[in-house]
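Structures incoming, each one as structure tokens.
There are two complexes below, and they share subunit A, which is joined by subunit B in the first and by subunit C in the second.
Up next, the complex of A and B:
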């Protein structure tokens, strides 16, 4: 009897430690710089590596070590996960996953889900996928059709799957999940279809739902405590969301959650942002539309909200707040802070205290930004310029020369932070727009946009004679100032990497992987990959060598007659019709290009 | 090594008239491979016209101009909101049409017009 009790206790202990290990295991993997075991390199989302074999002195000697073609067309976002002797890479729809043996680059296993192609037309912005998560011997993939799957990392065998949403209502997924302790978190896309955003936590053991917290609606739906959850240092109070919507508009209110998740283990908080309120026509949805466009800090175990900060109350421009949250301990105005740094689509770079949600810095990271003069540091509200307010302009009125455009001064592609320079490295858009709201009726599964846009280079508004559509900048989050800026002909849509070799790497839409000096921005190396780059640059070490890898693939390959959609069916929203010209070239697809220094370099 | 230096010197003194064909080897090889694929696969029947086409294009544009127009022609077909910035950019459609025209003219001159699969 005694013996069996002891056995039971040991057994229970194993289970308990099994749960804790899932977290510790990933934590441990991310602490070894040979690995790239999570989308951001570490839980803080810094996209920084201690590896320094490739550095400012030798980066010019980089060569292509090997490549891997995914065979899938369309835009390739995200980047590979690497640990041990294995690399895991994902693709856009149909969301294949490959496990690759680093020793000889052979495929260990391949997973290809069967997904209903009806999912494609309800994806607003191309059929991208931002990557995988790992924990507990499982690879987690969030499929486009909202199915979240756990695959055996050794065999690729499906362990469990769960439906996270309903594509018939316009719900889809593009985000990379993240694992903390015994749960895997995921969000939802579909703000252009009147979806109500949420974050869901599933138990990694069996895929059962642990909790689900909405971005808007009744307090009980949002996992908030009206007295404990704060915004700008004050309790949010009862019905904080309901009061800011007309009637029951919150039910189709948007605030989707298709970005990245970060985690602070000491505070046990997860951080992410919510997207735009639906529709894009602000006239029909008076109020602040809480909590769309909000930075959210939630308890990792319960989902209970610690603090919110709404960046763009009553959005009038589609400035989704979903971009990554980078956690870094930095000096802010002479004081050591546990900071959260976020480059929002609305063009402001925010530095927050990630413990309390206190707003520390909010400055424009593109000087062209003009929709607001500044952010009031007492109320946290942007001071909107009347002539750029599409709501004040009204329905069927074209508000002109708003900066930035709806794509934002920065989209989802994550920035990097180097603790060595204390700087943030940010890929940006330099695009402005004309915006005309119009009235639409909500129909489930149909686009619920309600605005016509026209976009152009920011130089047209600033009048500085420039024509570039992007910049790659180094940002000081302490003072809110640009340290240096590289002009890019096209928007910079690739996630950045910073390393202890004092290099920073990013990709361009022409297809270049660029390596620059972290201190000065001076270009050290560039190589043209097979297609435009919208993937994230990751780094790892294998057999004593440092590698840098990035996915390229935006559709379009050298020598093949493209420009087919010039006059045709790709106008407007909805990822339909494009790539017809490429459909017959099925051997073409995204390419993972891996770089290394030659021997003796 | 000396030969390469000499070549660089010779190339750099060729007057801009007719352009000096500054397309990198990689860009030309990739174009030719893609073009062959587009015209029915790898064979001498597709190789020669495709080599001709890229040479003719390079006679009429710098690589920088080609690269910008080529990237624009891809981005313009990107679905949704994202492609919007490129579709709307002033001069973008003109730039893409210009590239297409130059390419079509090159294909005519090089007898590469008859696509087998493309």
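Up next, the complex of A and C:
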């Protein structure tokens, strides 16, 4: 986004004190479109690049420039970081990191931690890792076993490491860390194990803990000021979380923080979301279960919360609120706004004022969404439809045909924003479910699910004769309307890229890298990579050429949920029709595929 | 074609037929012997076990299905496997009950995945017999995947 880039540049220029050196360095790297130095391309999480060598006119000529096998089989999420003449790429467990010389694709260094394999079975949904962060000559890796490490970016040598959690209690990590100023932020996974979510800030110099703020519990644990921290424009008041839980359930209440972090330098706020409350059985945890399922804005230095917005109070469907927060200055209903746009698991696309937390727009980004009729713009609460309420249905009752399914209308796969079109490009799921909660006992380190689920294509519920499991859509966050939509046979589970060449790129579960016209959605190019894509598409420039790179390597929740329900029409899917299993399209294996235009194109 | 080779071809055909018949008999015998294990927990229209959706189950197998929710996370929503965990529907054809109990309690290190031992988890271990019979019935095709209505409530 140009305006944002400009303000960031001004900001960087006016900062005089020494503490912000790392910040300035990363800020500078992200402002040069030759680089892809942070997961979202920039701190705003827009996944947009000013590069335009590859454009709507020539994208059809794209070719594979080079490929790189990670040697790891399981689900590959996230994407490469690139700056200067080096590309850094990570893998799922065992969380290898490779530094690759762009000149000849040789490996500068490789880091492979020794992690206890007992971590693997504590990870709920495959052993994914969403990538790296860079600052101050260090590559930051958040390992599965919760060890956060800082590696020398030149040599791969371990500089420091710190334990962020305890896998024996079900705590693991999958998220990409982010660096702001002199701190690296990370979250925690384990919502299916009764883990209490938090965000922790470590000093990049030595890994010492700067602060840790929980998603729920006493005010002192959550880094809130009852009089200053607001929700829907009002102070949250004393014990805002404790009041919404029965007894001390908040101690094992979930609200984990396994998604993406964004940052606004002008406001000095970081943004992220919290996940589902545990258990999945809503009957045993009455109340709103604050602050699970919440968009959080916190001061980057102190962690103090500026505002919260809980999207799904008292979750009954596992609609984690952890999806990315995209910061963009856009017109909303005719007014210029410093907006935050978020596509939630619950199927609503939210446009907020990121300064105040005011709710501006909340509309369904998949028309199949049926669990709520709408969001009340005064209270901010979704209007839940009784027959899709698994809590009202009660324990041991199968609530049928809820849309979306537990994996959400969209999961962690991050969307992109193009300031040129003003549109958001969103990879989505089009899947519904039956959900039956039942009572479970809590044991530390043991999964704590408490519901049985079936999932199926949304067409079974809408009755529109479709059987696709995903869509790739263009979204107008001002009006809350879909501009165009591309039907995908499987969930679109890959992070999107938008560029100044007016192209948008994303991957599919069958393994296609697709490039489409940002204005119309018309397909310009596709190539079938080595395996299904659940990684993010990133772009960079090296020696005057623009490259597009994506990790393939099927897996993740997509590889679990979607392997199911696709076996055939005999397996209880009724009218859904004959499906080909994902396994017929693709097999395991992590490979980075890099695309470029041929000379003279 | 000589008379001799014709006789030989017939013999081969008959032998193959016998092999196929024997295999079929074995499959039927297996399902039949299993049915004595879970048959009391399944009620099907016209008394036909194996009629798929037309069957209903009791609380015992429902508890097996609930315990199975802990397996769904890796083995797929219908137990047919995922990108890193094998199909339980197929595995139950290959292992006996002792082996099943051993793996559920103590876990398993596979070529791609690592399965946790569940011996500490009451949500699984209290109902491990239910889980076994539920999966056995699924494996035999006696009941369909997903939620099955109960006949005893």
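In this text, the second predicted complex is superposed on the first by the 548 of 601 C-alpha atoms of A that agree within 3 Å, B and C clash if a C-alpha of one lies under 4 Å from a C-alpha of the other, contacts with A are read in each partner's own complex, and residues count from 1 in each chain.
Rule of thumb we're sticking to: a contact is a pair of C-beta atoms (placed from the backbone, for glycine too) under 8 Å apart; a residue touches a chain by one contact, two chains touch by 3 or more.
The model shown is predicted, which means the values in this text are computed figures rather than measured ones.
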Which of subunit B and subunit C A:460 touches, first, second, both or neither: first
Partner chain(s) touched by A:429 [first = subunit B, second = subunit C, both, neither]: first
Touching partner for A:177 - first (subunit B), second (subunit C), both, neither: neither
Partner chain(s) touched by A:495 [first = subunit B, second = subunit C, both, neither]: neither
Subunit B versus subunit C as contact partner of A:165, first or second or both or neither: neither
Per-residue touch tally on subunit A - higher for subunit B or for subunit C: B
First (subunit B), second (subunit C), both or neither touched by A:452: second
Subunit B versus subunit C as contact partner of A:407, first or second or both or neither: first
Partner chain in contact with A:554 - subunit B first, subunit C second, else both or neither: both
Partner chain(s) touched by A:393 [first = subunit B, second = subunit C, both, neither]: neither
Footprint overlap on subunit A, where subunit B in one structure and subunit C in the other make contact: 75, 124-126, 453-455, 554-556, 559-561, 563-565, 570-572, 588
Complex interface listing, subunit A residues touching subunit B: 75, 124-126, 318, 405-407, 411, 429, 431, 453-457, 460, 469, 489-491, 509-511, 528, 530-532, 554-566, 570-579, 584-585, 587-588
Residues of subunit A that touch subunit C when the two form their complex: 73-75, 117-118, 120-122, 124-127, 192, 398, 434, 436, 438, 440-441, 443, 445-447, 449-455, 554-556, 559-561, 563-565, 567, 570-572, 588
Residues of subunit C that touch subunit A when the two form their complex: 52-53, 65-66, 68-70, 72-74, 76-78, 80-84, 107, 109, 112-116, 118, 120-123, 144-147
Complex contacts: residues of subunit B adjacent to subunit A: 24, 26-27, 30-38, 50, 54, 67-68, 70-71, 73-90, 93, 96-97, 99-100, 103, 117-118
